[in-house]
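Take this structure first; my questions come after.
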Amino acid sequence: MTDISPSHPATQLGHEKLPPSPGQLARARALKHHGFQIGAAILLSLILVAVFAPFLAPHSPYAQSLPNRLLPPAWEEGGSSTYPLGTDRNGRDYLSRLIYGTRVSITIGLGAATIGLLIGVTLGVLAGYFGGWIDHAVSFVLTAQLALPGLLLAMALVFFIGPSVIVVICIIGVLHWTYFLVVTRSATQHIRSLDFVAAARASGATSRQIIWHEILPNLASKIIVIFTFEVGIAILAEASLSFLGVGIQAPTPSWGLMIAEGKEAMFYRPWLVVLPGIFLFVLVIGANLMGDGVRDITSPGEKS
Amino acid sequence: MLKYVLQRGALALAVAFTVSLAAFLLLNIATDAAYAIAGEEADPDVIERIRVQYGLDRPLMVRYADWLGGVVRGDFGDSYYWRKPVASLVAERVGTTIKLALSALFVTIIIAIPLGALAALNRNTWVDRSALAVAVAAQAVPNFWLGLIMIILFAVMLPLFPVSGDSTWRHFVMPAFVLGASSVPAVMRLMRTGLIEVMESDYIRTARSKGYRGASLLMRHALRNALLPVVSVLAVQLGQKLGGSVTTENVFAISGLGRLALQSILGADIPTVQLLIFLFALVFVAMNLLADILNAALDPRIRIG
Amino acid sequence: MALLEVKDLRVRLPVSSSWLYAVHDVSFRLEPGEALGIVGESGSGKSMTALALMRLVPRGAEVSAARLQMGDDDLLHMPERRFADTVQGARIAMIFQEPMTSLNPVYTIGRQMTEATVRLGRMGQRAARKRAVALLDRVGIPEPEARLSQYPHQLSGGQRQRVMIAMALMLDPKLLIADEPTTALDVTVQAQIMALLADLRSELGMAMILITHDLAVVSQTADRVVVMYGGEIMEAGSAVGVMAAPRHPYTGALLRAIPTIEGPRQRLAAIPGTFEARMAPPTNCVFAPRCAEALEVCTKERPPLQGDEAHWARCVLAKPEHRAAAELKVLPEAGPEVREAPLMIDARGITKTFRLSGGMFRPQRVIRAVDDVTLSVRSGETVALVGESGSGKTTLARVILGLIEPSAGEVLLQGRSIVGMSDTERARLVQPIFQDPYSSLNPRRTVAEIIARPLQLHGVDAKARMLRAREMMEVVRLPTRLLHSYPLHLSGGQRQRVAIARAMINRPELLICDEPTSALDVSVQAQILNLLSDLQSEFGLTTLIITHDMAVVHQLANRVVVLLDGKLVEEGPAERVFTQPQAEYTRTLLNAAPRFDAAAMARAMQA
């Protein structure tokens, strides 16, 4: 009756130890992926900066010093080491403001992306799994959302309701779930068509059980990738809003706002504009590199 | 075919109007227009009078229906802030924004498509990696900041272009670059992925087996297939450029719709904001429809059953 | 002089940071007008050999050979440009496995057929079009003129393959390489295409290399055959000679593993284990790990070539008679009398229609996938549901499984309507096995979790689940250490066993197998078919097997039901349907199935 006897060499094929799980393989790939490591390092450092801001910043970001307005950075003529990166038009230490700015950007980035995730993934899975009128309705809402000029509406709403961090997080979050939806929906549709979902249904699983047990675990890595990208997008969105004056308001140190404030003096004090931009650039690149890295790690061979 | 276009057109209009409804409700809930008109410090009586005078005391849906009726007639209301018909405000500025959007699209095309193609054809070499690095960097740069940096570099340090304004074509070079650059990463990646897929397809293998190689293989067999999805994305991008022009126009002081948008918001001028949102939504869905039609025209699988 | 001479061809492919040795020391000769079959399972290197000849290997692959000669020309060192202009398409043409994707969707048939001819300056545009029309007509495409301006998506799979053949013939090549040209096509179309190729060959005096996994097809079409395994040639000789009296254990084992459509039913002799790709050049016999007759020396040294020019094998053992004489265990006649057994499945008047939205340019279409089919299966029976693509067999299966609701009709399982049953009750009664082993297991769960999931859904606790999972692994003959592996570590055959274990864990009464082995290699197919038949007798299962392969039907079924375009055209005991088919379509199906030419083989054995 046996085609393969236990002593036949064929059954000895393979390793003695347990072969690595997909999770372990991913971790091994992560350790070799430069982009991921750089991105993770950047994000981690900036998060630490945000958390330990009070210990790292030489001054309070709100402390004004009118006699010391518009000082250049320490290495330029006229600069002083008390204010290593110079001061802004109100005499506030730029380095301290930049450091505290990480709190604003990171909080808003993570918060808005989380809201986007919750809305987008929920709608995406429901639309992708159940199809039918739910899908039609969600597609309509999606198209409407895409047609909405997001920045414009965000500007208007934040300004009208009252610019505070919570409002900014919510508004940006609610206007940035489309990417989550689109990817989750098509991935759910694809997974749903695979035989193991049919097998689960044939075993008597309910829709809820199938979504939790079969579909979501297979979506996890895609969702993480999108999340990291959305963090970057949210950070830039807040920066734009604050720059235009319809986001975070003075005196809170938001990098976008700092750039707007520095704009008047930018021809003779370019650092006021350059420095916050560099911080924004580095933070968002960190998030994007991590996103690209996670994508490469969890689905190798799909570089896009 | 006509039936399809009509169906999609109707859907597009429905979407645009839904957007306008959502915007109307949100805007009018978020703020009280009466304060905007009267001024923040005005007396409560004055505010009350203004409310009645402008019909702001009526229920929201009635006011929306009013607005809708106006739109159908071509009357888009008057601006609270400028005390002029909103339509004329828009008409004065729309040309400028269109110029900006088209030049930005041009910039995106001449950078993203060759870059994406080069990356695809030289996969995993330094060419590919540099192209991807450019994409990653461009995605992370705040576009208003890029604008300011360019002004510092190319208008002040090297006086190549004017700092701001919109009178000559020179004024549009930097803004077009900044606005166009923001779409480059997405379009480049799309081109790259699409071309890679095409080059690895079975029908390219068939072409190779007939002796096609190198440039002729690419031009005759691969490019058209790879460009198909890109074309429709570009159409949609054009629609989005209108919304995205807000920051660029403000940085470069270009008197287009984007600048108007900011000014209206700061001035709590709801009718203008409302119209702008509706307009942008309308353009977006129209571009989407255009993309669908282009797709059908270029792809025989859709054109012929 | 030989048309094509290949000596010691080697191909290796870059894989992460090392090399995969896909083809090693492959040598053969091809005379003008001769047909050579290259036979092997997946991973044997057969396709890569052909791609190497045409310089179509993937990027980064390295090709080397001692000799690669076509007539007077050295193909190995020929400059690229000359190769592209004078060899590719012009002297050697190739057709591929997937006709659905091998033609460019945005260009017309006419353009794709004529472009190479015009580019090389052989003919002007008009002359080329005339030739294209003539060739399309020759390959059996109706209304050839009109086709020139049509697009590939407007043609069926079989028609597209005919177009590919016509296109290949445009430049009058001396050699046509056909890489699994019919694998993706229905069996009736398959037969037509193979007949077409045979006709064209004799008419044009064209040589052909046919690459396939199907030994029967090769025996029907090829003059000579080369059997490949693990990138090497195991045996070479005349097609009939090799099939009748194989000299290599692998060839013999393959032959014994194939279900036949005629003759007595025999238990298939499965080849144990699976093929593992090689990451280093071979230092011993590549088949040794799976060879039932392997000796110590087979794992230590390279096997010698034994035999003569006309028929040789790469093996230490050199007893040709040994192979052919191996007896197969004959199975008892198909199943006990089941006329009195209770009805397991009682499906009456099942109809299922689908509405396809037209999109931009087509009106809505209504498709009747299943059209008023009544099917009954008694307890203990094995019924084969036979049909080609579009016959409705898969839809019908899913209706019986309760996964799709029929538009009309009802399904009773053990006398109870499935509509009234709860999902879990139905799950205890009937379970599926699907065709594609690569999509039937959740990639993020371990084997143990996958197998035990049905128990989990029924509320069984973790400890008991693990115990039962272990039991099932033994039932499907998988080593228990695989319980903690993930699907990505398993081969196709192993995955299919896991799927079977999952289906069987709740001891269902009825098993519905939708093409359970069509996605598997021949040797693995035999393992799974044997397993299914053993499980049937051990657990008293009723089985409904859906297949397009009449040989599999012959191997397993008591009764046969034939579907065509959603309608039931024939049904009856297997014996009767095979010997006295009543429906025309059944006769067509039976005739189309490739089979070994018994008479020719008998002659060859005596020679």
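Which chain is which? They are A, B and C, in the order written, and residues in each are numbered from 1.
The rule is simple: a residue touches a chain if its C-beta (ideal position, glycine included) is under 8 Å from a C-beta of that chain, and two chains touch if they have at least 3 such contacts.
Source: prediction; values computed, not measured.
Visitor: What chains, if any, are shared contacts of chain B and chain C?
Guide: A
Visitor: Which of the two pairs, A-B or A-C, is linked by more C-beta contacts?
Guide: A-B
Visitor: Please compute the C-alpha centroid of chain B, do the same for chain C, then give the distance between them in whole Å.
Guide: The answer is 51 Å.
Visitor: Centroid from C-alpha atoms only, then distance chain A to chain B, rounded to Å. What do you get?
Guide: Distance between chain centres, rounded to whole Å: 23 Å.
Visitor: Can you work out the whole-Å distance between the CA centroids of chain A and chain C?
Guide: 47
Visitor: List the residues on chain C that touch chain A in their complex, please.
Guide: My answer: residues 270, 272-274, 276, 289-290, 294, 398, 401-403, 422-427, 430-432, 434-436, 439-446, 450, 453-454, 457-458, 477, 479, 481, 484-486, 488-489, 499, 502-503, 506, 527, 530-531, 534.
Visitor: Once bound in the complex, which stretches of chain C touch chain B?
Guide: So the residues of chain C touching chain B come out as 54, 56, 59, 80, 84-85, 87-90, 93-94, 96, 98, 101-106, 115-116, 119-120, 151, 153-154, 164, 167, 358-362.
Visitor: Mind pulling up the chain A residues that touch chain B in the complex?
Guide: Listed in rising order, the residues of chain A that touch chain B are 140, 143-144, 146-153, 155-157, 159-161, 232, 236, 239-240, 243-246, 256, 259, 263, 266-267, 270, 273-274, 276-277, 280-282, 284-285, 288-289, 292, 304.
Visitor: Residue numbers of chain B touching chain A in their complex, please.
Guide: Where chain B meets chain A, its residues are 14-16, 18-19, 22-23, 26-27, 30-31, 136-137, 139-145, 148-149, 151-152, 156, 189, 192-193, 242-244, 246-247, 250, 261-262, 265-266, 268, 273, 276-277, 280-281, 284-285, 288.
Visitor: What residues of chain A sit close enough to touch chain C in their complex?
Guide: So the residues of chain A touching chain C come out as 1-4, 6, 8-11, 13-14, 18-19, 21-22, 194-196, 198-206, 209, 213-214, 217-218.
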